[in-house]
Structures are given as structure tokens and as C-alpha cells.
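So, here come the structures, one by one.
Shared chain: chain A. Partners: chain B in the first complex, chain C in the second.
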Partner chain A sequence: MKSLAELQAIRNRMLEQVNMRKDDNIDTRVVVGMATCGIAAGARPVMLEFVEELKRRGLDNVTVAQTGCIGMCRLEPIVEVYVKDQEKVTYIHMTPEKVARVVNDHIVNGRPVDEYTIGAQG
Partner chain B sequence: MDLIRSHVMVCGGTGCTSSNSAAVIAEFEKQLTAKGIDKEVKVVRTGCFGLCEAGPVCIVYPEGSFYAHVKVEDVERIVEEHLIKGRIVKDLLYKGAVKEDNTIKSLDKVDFYKKQKRVALRNCGVIDPENIDEYIAFDGYQALGKCLTEMTREDVIDVILKSGLRGRGGAGFPTGLKWKFAYNSQSEKKYVCCNADEGDPGAFMDRSVLEGDPHAVIEAMAIAGYAIGADQGYIYCRAEYPIAVKRMQIAIKQAREYGLLGKNIFGTDFSFDLDVRLGAGAFVCGEETALMTSIEGKRGEPRPRPPFPAVKGLFGQPTILNNVETYANVPQIINKGWEWFASMGTEKSKGTKVFALGGKINNTGLVEVPMGTTLREVIYDIGGGCPNGKKFKAAQTGGPSGGCIPASELDIEIDYDNLLAIGSMMGSGGMIVMDEDNCMVDIARFFLDFTVDESCGKCAPCRIGTKRMLEILERIVEGKGEDGDIEKLETLAETIKATALCGLGQTAPNPVLSTLKYYRHEYEAHIYEKRCPAGQCKALLNYKIDPDKCKGCTLCARQCPANCISGKVREPHVIDNSKCLKCGACMEKCKFGAISKG
Partner chain C sequence: MRELADNIMDIAQNSISAGASLTEVNVKVSQQDNLITLTFRDNGCGMSAEMVKSVTEPFTTTRKTRKVGLGLPLLQQTAMMTGGEMKIESQVGKGTCVTASFGSDHIDRPPMGDVAGAWFSLVVMNPDTDFLFQYDFDGKVFTFDTREIRAAVDPLPLNHMEISAWIKDCMYQEIKELHGGIVL
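After this line comes the complex of A and B, so read on.
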């Protein structure tokens, strides 16, 4: 170890891997419905795409979690986004292609993608 | 490891390892592979979570679900339900984490953790101790970097002094002051040592830090080396801690590979290296001068002080010795500032203290609380009280050098000075809880038996004096105590305290003195009434059958292994106490509550 910068580089590389264990710096949670209905409707690729996209953008203050059946199986895959101190937003009929926009518009820029939400489509 | 979305942290501490967490880890790996999700879920073996009683334990992130008593057969369900379908398996969760309405509490709200503050244990159960990168991700080695590149040696000592950090190994000596003394000693060669001997029976916090966060100790020792001007350190650890030793050795190797140990650390002219030295687990080798003699390869015997190690220690050179937990606090003090550390605790005892809770307590395990937390909070709020609804009688702290805190002192705020004032001491952090069934004379005998065994024999007061005290105590618990025994114990105790060579002898009488202080009546009952109030001392126990309650069912007579109960069917039975083994089997079996002991 020849410099602090070197240490910092290791730290940054590792942070995204361990961040989900640090409760205090999580601002946003993405929750994917992964019950039988969700999985059958294609929730897995959606979830994996979220993980990928967040990683690509280096967003280490966001976690991706799974949950069971939310009770609206016909609307699956359902994704709920919880931004700290804000009301949750529920997205329905999600596809991997829609993920990038949700991350960009909602999680990064704070503007939920209305047309994907349950309010617009349900 | 591209798409890791979930971490399964399985405890690999000594407690959970012995309840077979290794098999649980293997099963997780097998199941994840079988289900094809081994690339997105990572299994991490961590150090102790603290709740060893509930072991093997594991936490699944990001949900933070805390599973307890995880059996190999349970793993498939956790993988299938939780990791694939996202449904937390409630019936396998730690009991305290499920609320009455069947919703789940987050871990920091669980009773056991709610009042705790994890500083020394902050990484235990959170990182993989065998992966230096994880330590670095949790701010590891930042403090060392800061010291070497931004702070002078004097600055470092000053921060530690101002933080108010005191030694966690027993005596509570101010750490900064110790470092300053060693800094002031002029010498080409100096040493930094770590006391990981942990001889106090029942204590295991140092082991847990070494197992769960070994790099924190390495980092702190390097900081200490920089501060006092040493380039070599030794960790003295007992060979009975194989997991701790192995993890420490792995950690040292990784630190060397990264150049965090070795020459010119962080490109500066500071060089420092570390080695582990194994001890055979003698209690006296935890005493500082004996420890250093042992590292030198000689028989571990203490020597008189002064000269103090800061002047003349290991190999005759200025040396500092600190406890594992003391070191574990250091990097965070440097990172977060002395003000942060000094804001926790009481006026003269800053920060937190880790206790190994054991004995008659529901939640056996490791707890870390801010100094000044009351004993009541530790025993009831965190420890969950005594099992089976028994009454709390006393807590023993400080191990063989300490004393008992009686129920009347439950509201004492735990810190160095308060404990000393009531005749106990902080010690290294063993806390053994006793309930109404514990005989205090027998407890004193237990600890004295330990010190007699562990006395190195170099000085007469300790070698002979503690043996005489033990003989008297043995007599008392066997019902052969005589008038004057208590006074003899007191005289011996005072003499040994005043004249023994090292801390072992000087503190050995403490368990007797403190039980005499609070439970003198129990000693008196043993001696004068030949009675053990707690019903523990077998020689003083008599089982009796109440003829009015006995229905003559003969159950007890058939249970008795010594055949000492006689009587006709449907007539009251009697016990022949001269043949009775005091096993208690008859009393347990009697359906009419006719048998009593006393």
C-alpha cells in the first residue's frame, strides 16, 4: 500500500458489494414481487436488470429486495420503489426494458415514471 | 460475483461453529448451486453475532432477516422460500424478532440488541474476517493512513489521551498515558504487544474480536507502533483459540501482501510488522510481566514492577501491552475523533464495554453497552433475566480477581469506578449471572480453586496463602466449618492482598471478600447451623419426607439409586440420610410434594 488513494480505490470497489449490510446509508429500496405469480410473469429478469443497472450507475445507496405476492397477480411483475421519506410508488407489468427509465427518472432524478405506475395502468 | 443481490451471513464464531454452523454454510452453498442462484447470492462466514445461545445464527440481507437455531434441514426452505420467492420464513426467525401481531422487527429493535451499542464489535457478524477487502470497505485501515500521512506521533497520543480510552483488560489504566510513557522512553527498539490471553473463565469477548474483526487489532497495533516508535509487535494468544489464531494469521498475511504491514507503509518511512505468539493458556500469563517473559520463550512467571514495561518490557526494551478490546476501539477513535468517543459513557469511563454474559441467564452471549448502563438493563432488558422464572441473586464480574454484585445493587451504573466501589471490578468483561439456587460460599470456593490451580508458585503469599483459604472454604461447604473460620479467611485475605507479588495473588481473595461482604449470613449458616441456604452444598443437604403428605405410593423408593427409602405400601416412607446420595431423584418424582430438602 503506497498511498491513501490506493486504499480508497479498494474501498470504492468493495463498497457496492457490502452496502446492503449497512442500514444507515440506504435511501431507496426497490422491492420486486417474487411469488409464484411474479416469477411466472417474468419478475426474475426484471430484478436482475435492476441489480445490473444500479451497479452500472454506481448507485450504492439503493437496495433491491424481494417480496411475496402483493395480491394483484394479474398486474405482475410488480415493483415497488420506496424512496426515503416519500410515499411508495408501485410499478406494474414491468419488463427489463423499462428498468433503465425507472432508475434514471425516478431513483436518480426523483420523478416517478407515471405511465408505468398502477395509477396510470391499473 | 457480478450480480450479487443478497448476502447470507452465517456466524462462524466459536459458539456457532460448535453448534455446527460449518455444515449450515456448506448446505447453503450446495442448495444455492442446485437452484442455480449461486452467482447472485453470496454466503459469508462471519465472526460472532453475540447471540450465541440462539446459534447457529444467520442474517439474510438486504432484508436483514435474523434466523436462529438454523439446522441443516432448514436451509433448503430458506433458499426456496426466502432467497427465491422473497418470503421470509417466519417460523425460523429468531423468536425475539417476530412481534405479537406476527410482523417482523428489524434487528436493532430486537430486545437483545436494542440497548446495545456496537463499537468494539462493530464488524463482528458484518464482515468476512478472512477477507481484508471487506474490512477496507467498512473504513478499515483509513485510520492508519490518516495517522501516517496527516498526524504526528504526538497528535496520535493526544487523541487517544483526550478520548478517555481506558484499558479493557482489567485495571482500566488510561491507554493514552501508557503510550505516552513508552513514547518518552528513549530506545532504538520498542515493542507493541497485544494481550489475547483471556484467562478469565467464562469470558470470550477478546476471542470474538479476533475471530470476527482481526484487522482492527492489526491496524490499531500499527497505529500504536507509530505513536511510540516501535517497528515490531506481538499478539499473545492462547493456543486454545484455534479459530482466532488461524484468522489472525490469515489477516496478518493479507495485510503484508497489501503492504499494510512491512516496510514503508503508505509510502512513508514507517515500518511495522507483527507476529502471533501462542501461550499454553495459563491464567498468570495474562499478567503483563509474565506474558512478556513467556513471549521471550521462558517460563511465564511475573516479576516485580517497577520497572514498568513502558520503560523495560519485552527483551528489556520499552513495550506497551494492551488488551484486544482496547485496540479494537482505537481505529474508530482516530477516524471519528476523540470527541465522538468521549461523548459515550460516564465521566471517568468513556466508550462502551463488551461483556460475556453467562450462567443463569436466558440470552447467553456477547453484549456491548455504553459505560454507565445499569446492571438491571444488562440482566433484564438485554439478557432476558434468569431462566425458569428464578430470582436473580448476583452477578459476578472480573472473574477470579473480581467480586459479586448483589441484587440490591442492580441499579448501579456499570463503570470502572462504581464497580470498584462496591467491591467488584470491571475485569476483562466476564459476567456470570447467579440465581437463587447458587450458593455463594461455593462460588467463592470455585474461584479460589481456580486461582490455587493457576498460581505460578513464585511467591509464598499466593502459593501457600490461597491454598489455606481454599482448605477453609472446602471445610465450610462440607459442613465442617468451625467458629473463627470467617475471621481466619479475612486475615488471610488481607495479608495476601498486601503481600503477593503480582496481580493474580493480590486479587485472588476478592471473590471471598465480596461474598463475605454481601452474603456473610450464608457463611454463618454453613458454619453454625450446618445448613446451606441455597440448597447446593450436598454435604449439608437433607431430604425429608413429610409423613402427612406422603401417600405411600412407593414411587420414590423405586427411583432411589441408593435404596435408602423404605416404607410399606400406603404408609408414609422415610429416607435414611446416612445412605442418601442427595441426588434429588425422589423429590423430582414425588407427585404429592411430600419431599423437601434443606
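After this line comes the complex of A and C, so read on.
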């Protein structure tokens, strides 16, 4: 059993850090479609992989959030990436395997992965 | 839905949409009774008797944007396919309780799947609402109450990177331990 004491130790360590995450630090939002259609299409493993990959890279300026159905159920799992001061990019038919590239190319290096986007859909 | 864990996420989401500040999600496995039971209880806005009756129709939804809602119909269908059933109790202003049971060894029962992942997603995606999760595996029980966690990490949010990593590990570890190698 993991203990609450362990959790409090993490808390204290985090609070000591000067660069504690504040909402104004957040410059990128990853929004995963999590309505019935998204979940049925496999949105959860995609979302979990984003959380994992962001943690692996220590990107605490990025939040992962969810949205409902945006009306394109056949293209789910859909992930929208909002980088501050840039246009939103919509990725479709996402899989956990595609996540690392989106994080690396788009979120870290600023180059959206065109072939995964809705624009690449003929 | 590929696994029961998908239904868990989906139905719990209804509670959040209903404005619940506390959502309970219980998973109960009884190998002796050959039964898996999922229970969702919330203190959201509740539904009228009329709404409860029609909510299992795919063309009933509170959504304004379109006219289909498939979450509860899918859950009901899956429950019934396995010889189980789904029940809804609700009171306007009080909240809603949805119970679904599944015949565990029925060939049409979807795998249980990644319940820890489903619970974890609910918490990190909705860091400001509270959840009370309970997993009862043949009488061995794991309880996870976000109110306790929230109090312990205050003022950090539950979706803080390090905090959520702890939550995730905790859920995966505990559920794995309960199962003791049994895959459902």
C-alpha cells in the first residue's frame, strides 16, 4: 500500500521548488475527445500515453484536458493541440504509438505532424 | 466499447456533466457468484422519472448539439447480453445511481480492462471534482478517496505532474494486488 506520508513528502518537495507550476506557466494544452465516441474508439490509452510522455520529458508547461464530442465521431480518437499564440492543430485517428512524435515534433520542436492531422484526410 | 473500463469512464462522465461534486464508482467482482457489478452514485442534478425511463433510448440526450446519447444504452446492452441488467435510480436535485451487473463467465462479457487507467483518467481530467473509488475483488477491498488525497497535497492540484504520477502508481499497484494474477 502506498502511503499518504509518501504523498505529502512529494507535496513538500514540490512546494519548495521555486518554479512551482502556476497556471500562467501553461503555454500548451492537449485536449482529448472523451465523449462516448472517443472512449469507444480508444481515447483513454492515447490520453494516458500523453500524460506518460509529458512526464518522461518533464514538460510541466503542458496540460492534458478533455472535451466532449465535437461531431466528427468517425475520426476519433481526436486530439487538439493548442500552443500559445498559434493556431489549433487537430489530430485524428490517434493511437498511443503516434503520441511520442506529436510531443517531440510539435510540442517540443514546434513542427506539427502534418500527416496525422485532419488536413491530411483526403 | 472494448472493455468494461471504457464504460466506467463513459458513465462516470455523465455524473460530471450533471454537476456532481462527488462521484462514486464501485467495481465489485464476485467469482463465487459469477458476477461483476459496476455502481455509479453521484450528487449531481438528478433526473425526472420521465427522463429515467427514456434515458436508455439512444435518441435521448441532454446535449443541445445533437440528438444521440449512447453511453447508457451501450452499458445496458452489454449488461443484458451477459445475462445481467442495468438499473437507474434518480431524484431531481439529489443525484443518480446507476448499477449494472454482468455475468462474469458469459462469452459476450467484455474484458474488465484497464480500470486503474480509467479511474486515473477521470481524476486527472477532472481535478476539481471528487471521486470515491472502490474495487471489491472477492471481498478484498481497495478504496481511493480523492478528498483524502486533496487534503494531503493541498495546495497542489491533483493533476500536478508528480502528484498524478503517484496516484497512477497507487491505483495500478493496488488493483493488480487485488487481482493476484487473475485476468478478468
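What we mean here is this: the second predicted complex is superposed on the first by the 101 of 122 C-alpha atoms of A that agree within 3 Å, B and C clash if a C-alpha of one lies under 4 Å from a C-alpha of the other, contacts with A are read in each partner's own complex, and residues count from 1 in each chain.
To be clear about the criterion, contacts are C-beta pairs under 8 Å (C-beta built on N, C-alpha and C of every residue); 3 or more make two chains touch, one makes a residue touch a chain.
Quick caveat, the model's predicted, so the values are computed rather than measured.
> Pick one for A:D60: touches chain B only (first), chain C only (second), both, or neither.
In the superposition, A:D60 touches chain C alone.
> Answer with first, second, both or neither: which of chain B and chain C does A:A120 touch in the superposed model?
In the superposition, A:A120 touches no partner, neither chain B nor chain C.
> Looking at A:V108, would you say it contacts chain B, chain C, both, or neither? Reply first, second, both or neither.
neither
> Should A:L48 be classified as contacting the first partner (chain B), the second (chain C), both, or neither?
It touches chain B and chain C both.
> Applying the touch criterion given at the start, work out whether A:T36 contacts chain B, chain C, both or neither, answering first, second, both or neither.
A:T36 contacts both chain B and chain C.
> Overlap the chain B and chain C contact sets on chain A and report the shared residues.
After superposing on chain A, chain A residues 1-2, 4, 7, 10-11, 13-15, 21, 32, 34-36, 39, 47-48, 51, 55, 63-66, 68 contact both chain B and chain C.
> Can you check the complex and tell me which residues of chain A touch chain B?
Residues 1-4, 7, 10-11, 13-15, 17-18, 20-23, 26, 29, 32-36, 39, 47-48, 51-52, 55, 63-68.
> Applying the document's contact rule, which stretches of chain A touch chain C when the two form their complex?
For this pair, the touching residues of chain A are 1-2, 4, 6-8, 10-11, 13-15, 21, 32, 34-37, 39-40, 42, 44-45, 47-48, 51, 54-55, 58, 60, 63-66, 68-69, 71.
> For the complex, give me every residue of chain C touching chain A.
1-2, 5-6, 9-10, 13, 63, 65-66, 69-71, 74, 114, 117-118, 120-121, 124-126, 148-149, 152-156, 159-166, 168-170, 173-174
> For a test of understanding, state which residues of chain B touch chain A in their complex under the given definition.
So the residues of chain B in touch with chain A come to 1-7, 9, 40, 42, 61-64, 84-87, 106, 108, 126-127, 133-134, 136-139, 141-142, 145-146, 149, 258-260, 264-267.
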